[in-house]
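Note that chain A is present in both complexes that follow, paired respectively with chain B and with chain C.
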Partner chain A sequence: MEQEALYPTEKLKCWNEAKQIRMKYYQDYAEARNKGGIRWAGGAWTFDAIPAGLGEDVYPITSEPYGATIAFDKDLSLECMEAAEKEGYPRDLCSYMRNYWGSILIDKYPFGYNDTGEFVARFQGAKPLGFPKPDFIWQDHICCSHAKWYQVVSDLEGGIPMFTVDNAVGPANELTDSKIKFVVEQLKDGIKFLEKVTGREYDDGLLFKAIRNHFVSTSKWAEICALNKAIPAPLDEKSIYSLYVLGTLQKAGKQVADFYEKTLLPEIKERVKKGIAAVPNERFRVMSDTQPPWSFLSIFRYLEKFGCVSIGSLYTFGLIGQWEVKKDGTWGPKTIPDVEFSSRDQALYEYVKYELHKPEWQHFYSCHLKSDMMIRIAREWKLNGVMLHYNRGCEGLTVGIAENRLALLEAGFPVMAFEGNNADEREFDEARTKAKINAFMETIGAK
Partner chain B sequence: MITMGIDLGAKNVKVVILKDNKVVAKSNVLAGFEVTKNAQKAIDMALKKAGITKDDLDKVVSTGAGEKLAPFYDETKSMVGCDSLGAVYLHPATRSVIDVGAEEGRGMRCDETGKVLDFEVNEKCAAGAGAFTEAMSRALEVPLEEFGALSLKATEEIPMNAQCTVFAESEVVTMVHNKVSKANMAKAVHDAMASRISSMIRKIGFNKDVLLVGGVAKNVGFVESLNKDLELKVVVPKDPEYVGALGAALAAAGWKGGK
Partner chain C sequence: MIHQFKDWEKNRHDYAKEWKEKTDGKVMGYFCTYVPEEILYAAGILPVRILGSHEPQDVTEPHIFAMFCPFCRDCLAQGLKNRYKYLDGLMIAQSCLHIRQAYTSWVKHRPVDFEKFLCMPHKVQSPHAYEFLTEELRVFKKEVEDWTGNKITDKALDEAIKVYNENRRLMHKLYELRKRDNPPITGEDVMEVVMAMQMTDKAEHNKKLKELIANLEKSTPNREVGSRLMILGSEDDDTVFMNMVENCGATFVIDDHCTGSRYFWNEVVPEKDRLASIAARYIDRIPCPSKDWEERKRIPHILNLCKEWQVDGVIIMQQKFCDPHELDFVAIKKALEDAGYPTLFLEFDVTVPTGQFRIRVEAFLEMIGEEDLF
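Right after this comes the complex of A and B.
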């Protein structure tokens, strides 16, 4: 089954830098109060440039990557899940959410300090650290779980001020001036709310910088993913998960924008130029969909035994990346708006207009919009097949997958569907999934 | 060319030996707890029937849930791949295959060479597999071998809502209290199971040439329920439980359709 290498390969040079950014993010959040700073919590999709206007010592923790981080630590995740279930939260709720709530209930943060004082993950020897309570909650609401998630967090923590933005205004292809303004007005109300609960004066200059960072992070991430159209693919999906996550942590943060633009993008361009492959025996290309079962990323390594690389997914490309159709009709990175910000209103308008095009928001309105984007990826990234995850842990991103499957099949792409859960490992059967992969690899001719 | 296919299923080990693509021997042994040892037993039986030794085998392919527990093999191949090959070999018109074994239900669409085009597998649920009828026949205190024929004597259609073995058993208890006849209950069980399997096969699509394989294909009650649900007559080959092992032996021979 193991096949000989066709292409040169090498590890990503920026790997350690990416890991450091992530670790510093969780450390900054935990230590924020020691330095007089502010901690806030919210979703990975929230308009995170807004709280940035409160100062440079304001640190977020985003919920979905936090839930995934716990999922990766199987023992801690089980403790969290069981604690949430004991409180009466059923197993069919969002599994990220249950990990998050469980972490509050058992008062355990998945990071801490080891014997030498280094900030590390709990499974790397960190001493117990309690869950650092946020000062306020800044959330958006497009997925039904999102607002409820933090309502419970606020209740569990004894009441935390919370502001939720309703951004479910319809798909990008039906965007109107009034819909944009509907969201903008909420953000303006939100800024007043933040000033009130923190007692700080809002700085529009910091807001402008954060929005600019947001544009760079999201456009450059898309550009990086577009480079994966190359054969061989310079990135495999398992690595992509470790890189896209930075955008889910703080897409409006300078450290993330700089990393994508100045470090990762040049390195991936170089890999394409030199023909450096993520999977040296690449012969077949597939993509996946939705969040993976985080504690079983080994299935992506298993594909490599067949000379098969998973080049990413609409999920990894479009959760952070912003895209547009280029002159030649193909998908490429969204052009960063060429505007100088002169007022809060104008900056917020540009920010919202840009962000409401997020691909991962579109399929909350129609599974057909998602099918179109998936078929586009399958064609432009030259795929041999698609692996779909019927993800019991995330209803929002799983609704419509059965329709996507039919559309992909009709477009001529073989599809394998497997059941699982992004953050509740009890609902994933590794042996059976691998058996399905075996059969799928036979179907596409890789075995 | 002499090839061997070994299907290490959840309950039984099946072995088929082919000589120039013609079946010369087959054997079937309970897998039990010592799967490798029992697989060896099945292999020895088949070799003896064929009048050959292990050294005469040109190639061996293993398949099934325990494919890697075979005492020896040259390659492994997925069950859906083996089922499709075996099905097309037995009935060349076959383009849709349903395999219901002890632990799993599978549906496949294939081409004229037996290559799988699309497939679906029943995951993590016994209600679409042989384990379901076993549990229900135990609950009704009817020998498994008689359970299928019993349901053909049913006089009524009683819906069984549960799609889960555990809950289905509690529904059976309710039926017992309601004095429902065993024949009607047996039919309710087979209808529920057929509904689950047909929903799976509908997902991938099927044509009129559907071959039903696997041990459960011997259950006439289930076949009747499935035919009714799919509104056609599925073809059940002789010895349906051997089709996976046959496909494995064909794969070992490099068979790709034709005679």
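Right after this comes the complex of A and C.
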């Protein structure tokens, strides 16, 4: 099964920097209050440039990556799941959400300080901290679970001020002034809410900077993913998971924008130029869909035994990345708006208009829009097949997945569907999935 | 008395086909009760709600992943089995993700002449939702006009609002009768009336509803009332279950369902801008849990219903995998029990295990009745 290397490979030089940004993020959140700062909670898709206007000592914790972080720590995750179930919450609800609620219920943060005082993950020997309660909730809502998730968080914490923005105003190809304004007006109300609950005066200058960071993070991430069209692919999906996550943590943060633009992008360009592969024996290319089963990322390494690289997915490309169709008809990074911000209203309008094009928001309106994007990726990234994760842990990203399968097959791409759960390891069968991969590799000619 | 409503519900397809033949009009299938039917009615279109058939089926597996609710799969099955071939159009108003899949699969595999995803806002608690939905309705009205070739006049909208409001008022009157110590109508029969309401011409429904109410006002049924129950939760048109419970020594006197009170509870308050007044009605209606945030406004409403209809206990049902209700029922259960209302939680599928449920219901009723012994 192991095949001879066709291409040179090397580790990512920026790997440790990416890890440090992530760890600092969780540390900053935990320690915010010690320094007189503010901490807030909300989803990975929330308009995070808005709370940035409260000051430079305002730290978020985004819910989905937090749920995934717990999932990676199997023992802690099980404890969290069982605590949520004991409260009466059903097992088929979003598994990130159940991890998150469980973390509040058992009062354990997956990070803490080790014996030498270093801030590390719990499974790396940290004595766990209690769950750091946020000062306010700043959420968005497009999936049925988004706003409801934090209703429960607020219940469990005995009440936290909460503001949610409804961003489900329809697909990008039907955007109108009225739809954009509905979101903008909510953001303006949200700013008033933030001023009220924090007692701070809002700084539009900081808002403008954060929106600019947002444009850079999301456009540059797409540019990085577009480089993966190259053969060999400079990045494999397992590595992509550790890189895209920064955008899900704080896409409006300067550290994330700078990392994508100034560190990761030049390095990936260099890899493409030199023909450096993520998987040196790359012979076959596939993509996946939805979040992976976080406790079992080894399945991506298993693919490599067949000379198969998973180059990413609409999920990793489009969850944070912003795209547009270029003059030659192919997908490329969305052009950063060439505008100077002169007022709050104008900046918010530009921010919303840009953000409502997010690829991973489109299938909430129609699975067929997602099928079109997936077929585009399969063609432009030159794929041999697709692995669809029928993900029991996330209704929002699994919506319409069966129709996506039919459309991909119709377009001529072999599809392997496997059932699992992004964050509830009790619902993933590793042996069975590997057996499916064996058969699928045979289907695409890799065995 | 109830026969006509049952007949409409059981023979829903025949009704729609006959209506079409009689009027030469168009029939619009719709998912979810956030669809502003008044606009369709004003255009001379018959709106019919797509409901399932409670039969095990094997046609939706390739289209909807099995972790989504059985109701959305049952609805899609009706389309794939060509039971709604007479539809001219199909539409949905944005609500939960589950039912949306029935819509998106249906329009692809059983195309219709007119299809519409109406962007009903989720955040109905936002003051900006009114203006946003009004604009969405303006666009929708124009699309319907272009499709039918007929202008929807203010006069037609006024008439539609009048007919629909009358229907809602009559339903309130019917529900008021259920407050009696001996309610003249069972929960099962009320469910038939509401379902029929969602698939017939409202003017015709009004006529029969008036007759029904007039008869019920004089009626004192000779059946044991037993425990007075409320049923609440997801979409529920399971008359078999209702019948079973009401034969165990209980009567459903009130509900909170979109196939029940949530469908008709609020009226359109007519204003100069007809579309704005229709939008306000759908924004202000008793919310589906998918739209009930940041504040949970359904809870005080439910508690009020319990009080006014003098409920002894509440059955909380939910369609399996129905996330919005799963996200609410823990809080609702707590609120009910804190207020002294015992609850029984049951998870529904396309067909329910009547025997098993009967045992649980009987135990629940025994528990409720226990107080009377001491």
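Simple rule for what comes next: the second predicted complex is superposed on the first by the 447 of 447 C-alpha atoms of A that agree within 3 Å, B and C clash if a C-alpha of one lies under 4 Å from a C-alpha of the other, contacts with A are read in each partner's own complex, and residues count from 1 in each chain.
Heads up, the rule we're going with is that a residue touches a chain if its C-beta (ideal position, glycine included) is under 8 Å from a C-beta of that chain, and two chains touch if they have at least 3 such contacts.
In this text, all values refer to a predicted model and were calculated from it rather than measured experimentally.
K.L.:
Identify the partner contact of A:Ser77: answer first if only chain B is touched, second if only chain C is, both if each is, neither if none is.
P.N.:
neither
K.L.:
For A:Asn404, using the defined touch cut-off, is the partner it touches chain B, chain C, both, or neither? Pick first, second, both or neither.
P.N.:
Touch status of A:Asn404: no partner.
K.L.:
Give one of first, second, both or neither to describe whether A:Ser310 is in contact with chain B, with chain C, with both, or with none.
P.N.:
neither
K.L.:
Looking at the overlay, what does A:Val415 touch: chain B (first), chain C (second), both, or neither?
P.N.:
A:Val415 contacts chain B only, not chain C.
K.L.:
In the superposed arrangement, which partner chain does A:Thr248 touch: chain B (first), chain C (second), both, or neither?
P.N.:
After superposing on A, A:Thr248 lies clear of both chain B and chain C.
K.L.:
Mind telling me which of the two, chain B or chain C, contacts the most residues of chain A?
P.N.:
Of chain B and chain C, the partner in contact with more residues of chain A is C.
K.L.:
Give one of first, second, both or neither to describe whether A:Cys144 is in contact with chain B, with chain C, with both, or with none.
P.N.:
Second partner only, chain C.
K.L.:
For A:Asp429 in the superposed arrangement: first (chain B), second (chain C), both or neither?
P.N.:
first
K.L.:
Just to be sure I read the superposition right, which of the two partners does A:Asn438 touch: chain B = first, chain C = second, or both, or neither?
P.N.:
Touch status of A:Asn438: first partner only.
K.L.:
Overlap of the chain B and chain C footprints on chain A, residue-wise?
P.N.:
Residues 402, which sit in both footprints.
K.L.:
Could you please specify the touching residues of chain A with respect to chain B in the complex?
P.N.:
Those in contact with chain B are residues 402, 409, 414-415, 417-419, 429, 432, 435-436, 438-439, 442-443.
K.L.:
Provide the residue numbers of chain A that touch chain C in the complex, in ascending order.
P.N.:
Going by the criterion above, the answer is residues 87-90, 92-94, 141-145, 147-149, 151-152, 155, 162-166, 168-170, 176, 178-179, 181-182, 185-186, 189, 364-368, 390, 392, 395-396, 398-403, 405-406.
K.L.:
Show me the residue ranges of chain C that touch chain A in the complex, using the header's touch definition.
P.N.:
Within the complex, chain C contacts chain A at residues 61-65, 67-68, 94, 96-98, 100-101, 104-105, 108, 117, 119, 121-123, 126-129, 131-132, 135-136, 139, 289-290, 293-294, 296, 320-321, 323-324, 326-331, 333.
K.L.:
Which residues of chain B touch chain A in their complex?
P.N.:
These residues of chain B touch chain A: 65, 76-81, 115-121, 123-124, 203.
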